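Listed after this line are the structures, all set down as C-alpha cells.
Shared chain: chain A. Partners: chain B in the first complex, chain C in the second.
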Partner chain A sequence: MSRGAGRLAALLLLLLAVGPLLVPARLAEEDREAVRSAPTREHPLGTDALGRDNLYRYLRGMRMSLSGAGAAAVVATGIGLVAGFLLSRLGRGGMAFWGPALDTFQSMPWYLLVFLVRAWTPLETGPEQLTVILFTMLALLGWAPAARTVGAACRQLRQEPWAVFGRASGMSGVQMFRTHYWPHLVPLARVHFLMLTPAILLAESSLGLLGLGVPDSAPSLGSALTDLLQPGARWWEAAPLILLLTAVLSLQTISRRLTDERKRP
Partner chain B sequence: MRMAGALGLTATALGLLLYYSPGREYASETMTGFGLAQEGPAGRQGLEPGPGEFVGQYLRNLLRGDFGYSSTFQTPVGRLVAERAARTAGQLLSATGLLSVTVCVFLLGGLWRDSLRGWIGLAAMVLQSIPPALFAIPIVLASGPPFVAIALAALPRTLRVLDAVVVRQQGSAHVAWMRAMGCGWWAMTWHGQIRAAGRELGESAASMVPLLLGSLLAVEIVVGYPGLGTLAWRGVYGRDLPLLGAVTLLFSGATSLSAAVAQREER
Partner chain C sequence: MRIFFFLVLATGWLWASEVRFSLRSDPRTMDPLQVSDQASEAVRYLTTARLVRVHAKTRAVEPELAVSWKLSGGNRVLTFRLRPGVKFSDGTPFGGRDVVHTLRALLDVKRNLPAGEELRTLPIVSVESPKADEVVVKFAEALAAPALYFSEIPMVAASGGSAGLGPFRMAEYERGRQIRFEKNPHYWKGAGYPAAAAVVVEILPSAEIERGAWTAGRLDFLETVDPAFFEQIVGTGAARDSGPTAEAEVLWFNLNENAPIPAHKKAWFQNREFRRAISRLIRREDLARIVYRGRGTGGVGPFLPGSPWSLRRPAAAAAKVEEVVAELARSGFRRDGGGVMRDGAGNAVEISIATNASNRARMQMLSLLQADLGRAGIKVTPAGLDMPSLLERMGGSKAYEAIVLGLTGVSDDPNQQMTVWLSSSANHPWRPGQAKPGTAWEAEIDDLLRRQLKTVDVGKRKALLERFQRIVDEEAPLLYLVHPHALSAVLPKLKNAAPGNHRPRVYWNIDQLEGVR
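For the complex of A and B:
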C-alpha cells in the first residue's frame, strides 16, 4: 500500500467530515415548491419527499455517522485496551474462565442484541438519545477483538528484558503501563480504531436501512440510504452509498497502511 | 460446555431484561403471574418476585420449552419460532449451497489464477463495504429468492478468506515439490491446495455462520420474507421482548455451535 494512497484516503475522509460546511446554508431549509425533485442548479442531488435538499442531507448524515462511529470506536478501543491489559495480568486459572467468556461474547448475534435494546428503549426516547444509545451499544459490542489483541501483546511485552527489569526495580502496574506498555500499545490501538470505525459505520448503515438506526429527524448515513429502498428510487439517490463506500474504503486503506508500517522491520 | 455457557449467559441476560421491561407477564405462555403466584416464596407471601427469582423461573420455563407469549402475534412464541425457523433454515441451507457452488467455480474453474486474483480481491473489498440489506434490492426488483442475496452478501468475505488460505498453501513446501515434479495445474490446485487446506477451510466455513445469519436477518427484512428475521423485526416494533428473546437464543445457539466447530477444527 503506497504512502500516496494513504494520504488520498485521509484527504477524502477529511472532505467527508467537513462536507456540510462547504455547501451553502440555504440548502438546510425545506423547499416545499420542490418536493422529490430531480437534480437542478439549486438542488444538485434533488430533494426528498419533504423538500429537503439531498446533498445537504447526505453530507450532514455522513458527518454525523462518521463522528458517531469514530466516537464509538474510541470508546470500544479504550475499553479493549483496559480489558486487554487486565486480561494479560490474569493467571492460567483466570484465563481459563475469561478466555471462553470473551469467545462467548464475541459469538453473540449483535444484530439481535441491538434489536433487543431498541425494543426495550421507552417510546418517549428522543432522536438524540436514541442516537447516543445506538452508538453506545455498538461501542460496547466492539471492544472484544481489541481486548484479545492487546492482551496477547501485553503478555508478550511482559516477557521482554526491560519489562522484567522494570518490575524487579519495584515499578507499580500503573507505572509499568504508562512508561513501558503504553508506547507499544498506541500503534496497535490506532489500527484497531481504524478497523472498528468502518465496521461501526457499516453496522449503523445496516440498522438504518432496516429502520432501526438513527431516526430520520437526526440525519445519518443509514437513514439516507433508505432512499434507495423507496419504490421508484432514482439513480442520484445512490449518492449515500458512494459516500459510505468512500469512507469505508478510505479507512481500510489507512488501517492497511498502518499495519504494513507496523510489520516493516 | 462452552455452548451451554453461552446460552446460559444469554438466557440470564434476557431474563433480567424482561424483568425490567413493561409487559413481563408475557415471559410465560400462561401469563399467570409468571407461575409465581402459588409456587414461589415471593408469591406465597403475596409479593412481587425479585429479579433472581424471576430469572430462575424464566430459565426453568425455557428448559420446559416455554418461551413466553407473543403480544404482537397473540400466539405462544415457541410455536411461532418453530414455524418460521424451518423457512429460515431452508433459506440458509440454500444460500450455503449456492455459496459452495460459487466457491467451487472460482477454485476449480481457473478463476483463481494470479492474473485475476488482484481484481477478485479488489471487488471483494468493495462489495464487503456494502451493507448486506442493499444486496436484497436487486432481488426485490427481480422477484428472486432471498437466499441469492444472502449468498451474495457473504461472498466477498468468503472469497477473501479463501484467498488467504489458498495463497498460504501456494507457498508451502509440498506445493513447491509438486511444481518441481511437473504436476499439472489441476493436480496442484486440488491435491496441493484444496485438500491440504481441508481443515482450515472447514474452520473458515464454520466461522462464516455468524456472517450468514447477520445477512439473513437484513435480507429477510428488506425482502419481507416470512422467516425469523422478519419475525424479530416485527418484534422490535411491537416491543415483543419474549419473541425477540427466543430468536436471540436460537441465533446465539447457532453462532456458539459454529464457534465450537471452528475451534475444534483449529485444534
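For the complex of A and C:
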C-alpha cells in the first residue's frame, strides 16, 4: 500500500511538473462558441462554462494547489519547529499558559479571517498576489500542531542521557541543537509537512467552494471543484475531485508510513 | 407493513392541501411596517392585506380591502371606499380608523418605517376617515396614478396586536426550521379562500438544500432557480420561464467625489465618453447566452421593450473595437505599442470590478467582461467579496472602482424606479444620498421623474420618460448588462400556479394555491 502511495505521489509530482506543458496554453482562453462542450479530441475533458479547456485548467489547478499547499506547509512546519523548540525551553509554568493558548489558537474559526483579509485587500490586487496571500495565511494558521509535537519531542530529548552528557560536557545551545536535536527533529518535521500539505489543500478547496479561494483566473483544484457542484455536472468534471482525493490520500499514506517508521524501535 | 402504509396514508392526509415552500433565512421582524428583508416580506405577504394590489400578470391595479377608489379635486384627492364587513384574523372589525392609523404611522418622518419609504415620496397633506368605510388622502399637488403607491402598504390594526387581514395567520414558528401558517377564518374573500388549509415555509439556508428538498417533493415550488438547474428540469413539466424581468444585472462606476481612489481614475469614470465606450465594448448577447444559458435578455435599460414606457429598442450590440478605440481617442486615450490602453497622462487603463463572490453568475460575467474590455487593451481585475464587505465599500467607505450587482425589487412601473434614479436616494448606486444633484443630467433626471409622477396625460408622461431613457443612454451611469428571466420550479400537482415575472413570482396568488399530497 505504501509503495503504491509513493508511486501515486511520484506520478502527481510528475504531472505537477510537466502536465501543464502537455496542453497548449491557448486552450486557457475563452472559446465562447464551445461552452460546456463534451470531451473532444481537442478538449479531452471538455470545456467549462466559459469555454475554457478543462484538462488545461485541472492540470494548472493541480500545480497551483499542490505547490501552494506544499510551500505553505514548509513555512508552517518551519514556524512550528522554531516555536516548538522555544516552547520546550519554557518551564512547567510557561507550558501551563502556552499549551492551552495553542489549543485555543487551533480551535478559532479562522476562516472568518480569510473573509476579513479579502475585504481589506485592495480590489486591484491581481490573482497571483491573492493566491500568495491566501497560502501565506494558511501557512500562518497551520503551525500550531507542529509546535506542540516538536515542543513535546524536544522536552523528551532534553532528558535523554546523551543530551545530559552533552550539556555537562559544555556544548552550547546551538551546538546541542545542530548536533543532537536537529537529526531527531527532521523526521518529525517531514511527517508534519506531509500531514499539513493535504490539510492546506483541503482548506484551499473549501474556500474555493465559497468563492473565496484562489481566484478563477488563476485556476486551482478548489475553483475547478465548483463546476462539480453545479446542477447537471458531467462525469468528466469529477476529475479535479479525483485529483484532490488522490493527492490527499497518497500524502496521508506516506506520512502514516513515516510515522510508523519513527515509532519502530 | 400494514402499519407502515397506514402511517404513510395518515401523513398524506395531514399534509392534504398544504402549500410548502422555502425561505433562505428567518424573518427579521414580524411587524409588517418594519419589514426590510425578503423573508419578512414573504411573511407579511401571507398575513396581511392591502387597500389595492397590482395583478402580477396584467399589472392592473385591483381592489382588495378597498372596493373602489377615485381621484377628484384636480387629481389632488384620492378617496378609497372600503369593503364592508372585513375583519382581522382575531375577529375584530376593520375600518377607516385602521387605514388612517397605518398611513399616519408610515408617513411619520421621525419613525421612518421601512414600509413607508415610497409613500413618503408623495406630497401627502392629510389622511382622514370621514366615514367608517371611507378614507380620504389629500395631496399638495396633482398626481397621475397615486393608488399604485398603496398596493404595497399592509394594513395593521389601530388597536395594536398581531392580527392581520391576509389569507393566513402564523400558527407555529420554529426558528431556523420552519414557520407554519393556518387559514385565517375571517379572510375577507370569504368561503373557499384561501384554498389551502395551511402554508408551511421551511427555512433552508442555501440553493442546494432548497433544490434537494424540492426534488424530494418536500416543497411545492422554488420561487427562483438558476439557469443551470432550470436546464435540468426542462421537460419535466415543472420548469416555468416567465420571461425577462425589469430586474437587471448592472455595472456602474464610482462617481463619488470623495471616493478613496486615484484622481486619474475618478476622471475616467466621470467622463461620459469613457463610460459609453465601456458599454459599447460589452457583448451583452454573450452574457445572456453563456452565463444565463439563453434564459436572459441583453440589458436595454430601465424599461423592457414590452413596457408601455420603453423606447422599444433592442439591447445594444457590441461595437467594433476599432470604433471604440477611435471614440476613446477623442478623450485622449491611446493604445501603446503593446496594445495597452493609456490615458492622456500615460496611465494604463486598469479597472477593478467588484461583486459578491458567492454569486457564480456574476463572477462569470466578470470573466467575460475582462475579455470584452481586454480587446481594447483595458485591463479588468475581477474582485469577488463577501456581500457585507461589498455593501460596506458601496455605501460606507466608497473604496471601489466599479461594481456589478443586480437591481432587484424594481418593476416596469416608473414610480418604483425612483428609489434608484433620484439623486437624493440612498439607493442611487453610483453616488447615493446627494444633498443636491451633482451633475446637470442628474438634476434633469430628478426633474423628469418628479414631473412624470404628477403628469396625468399618458402621452406627456411617456414623453418625459422617453427623455429620461435617452439621458440614461447618453450618460451611461448604469450599464444594463442582462435582464435575467424569471425562472421558477413548480411541481405540476400544485393547483392554480401561474408564475409571473414580478416578485413574488409563484406565490403572488397564495390564496388560490393548493398543494395536493
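Here is the rule we use: the second predicted complex is superposed on the first by the 234 of 265 C-alpha atoms of A that agree within 3 Å, B and C clash if a C-alpha of one lies under 4 Å from a C-alpha of the other, contacts with A are read in each partner's own complex, and residues count from 1 in each chain.
The working rule: a residue touches a chain if its C-beta (ideal position, glycine included) is under 8 Å from a C-beta of that chain, and two chains touch if they have at least 3 such contacts.
The structure presented is a predicted model; accordingly, all values stated were derived computationally and were not measured.
Engineer: Looking at the overlay on chain A, is there a clash between chain B and chain C, or do the two fit?
Structural biologist: clash
Engineer: Looking at the overlay, what does A:Leu249 touch: chain B (first), chain C (second), both, or neither?
Structural biologist: first
Engineer: Which partner does A:Asp216 contact after superposing on A: first (chain B), second (chain C), both, neither?
Structural biologist: In the superposition, A:Asp216 contacts chain C only.
Engineer: Determine, under the contact definition given at the top, whether A:Leu50 touches first (chain B), second (chain C), both, or neither.
Structural biologist: Second partner only, chain C.
Engineer: When the two structures are overlaid on chain A, which partner does A:Glu30 contact: first (chain B), second (chain C), both, or neither?
Structural biologist: In the superposition, A:Glu30 touches chain C alone.
Engineer: In the superposed arrangement, which partner chain does A:Gln129 touch: chain B (first), chain C (second), both, or neither?
Structural biologist: In the superposition, A:Gln129 touches no partner, neither chain B nor chain C.
Engineer: Figure out whether A:Gln230 sits in contact with chain B (first) or chain C (second), or with both, or with neither.
Structural biologist: Touch partner of A:Gln230: chain C, not chain B.
Engineer: In the overlaid three-chain picture, which partner chain does A:Ala119 touch, first (chain B) or second (chain C), both, or neither?
Structural biologist: After superposing on A, A:Ala119 lies in contact with both chain B and chain C.
Engineer: Please determine whether it is chain B or chain C that touches the greater number of chain A residues.
Structural biologist: Counted on chain A, the partner with more touching residues turns out to be B.
Engineer: Check whether A:Thr179 is in contact with chain B, with chain C, with both or with neither, and answer first, second, both or neither.
Structural biologist: Once the two structures are laid over each other on A, A:Thr179 reaches no partner at all.
Engineer: Using the superposition described at the top, list the residues of chain A that contact chain B and also contact chain C.
Structural biologist: Residues 115, 118-119, 123, 210, 212, 229, which sit in both footprints.
Engineer: Looking at the complex, which residues from chain A come into contact with chain C?
Structural biologist: Answer in residue numbers: 30, 32, 35, 49-51, 115, 118-119, 122-127, 210-212, 215-217, 226, 229-232.
Engineer: Could you please specify the touching residues of chain C with respect to chain A in the complex?
Structural biologist: The touching residues are 208, 211, 226, 228-229, 231-232, 286, 290-291, 350, 352, 354, 357-358, 360, 363-364, 367-368, 370-371, 381-386, 389, 392-393, 399-401.
Engineer: Give every residue of chain A touching chain B within the complex, in rising order.
Structural biologist: For this pair, the touching residues of chain A are 100-101, 103-104, 106-113, 115-116, 118-120, 123, 198, 202, 205-206, 209-210, 212, 225, 228-229, 241, 244-245, 248-249, 252.
Engineer: Can you tell me which positions in chain B touch chain A when the two form their complex?
Structural biologist: 2, 5-6, 9-10, 14, 17, 20-21, 125-126, 129-134, 137, 210, 213-214, 217-218, 221-222, 232-233, 235-236, 239-241, 244-245, 247-248, 251-252, 255-256, 258-259, 263
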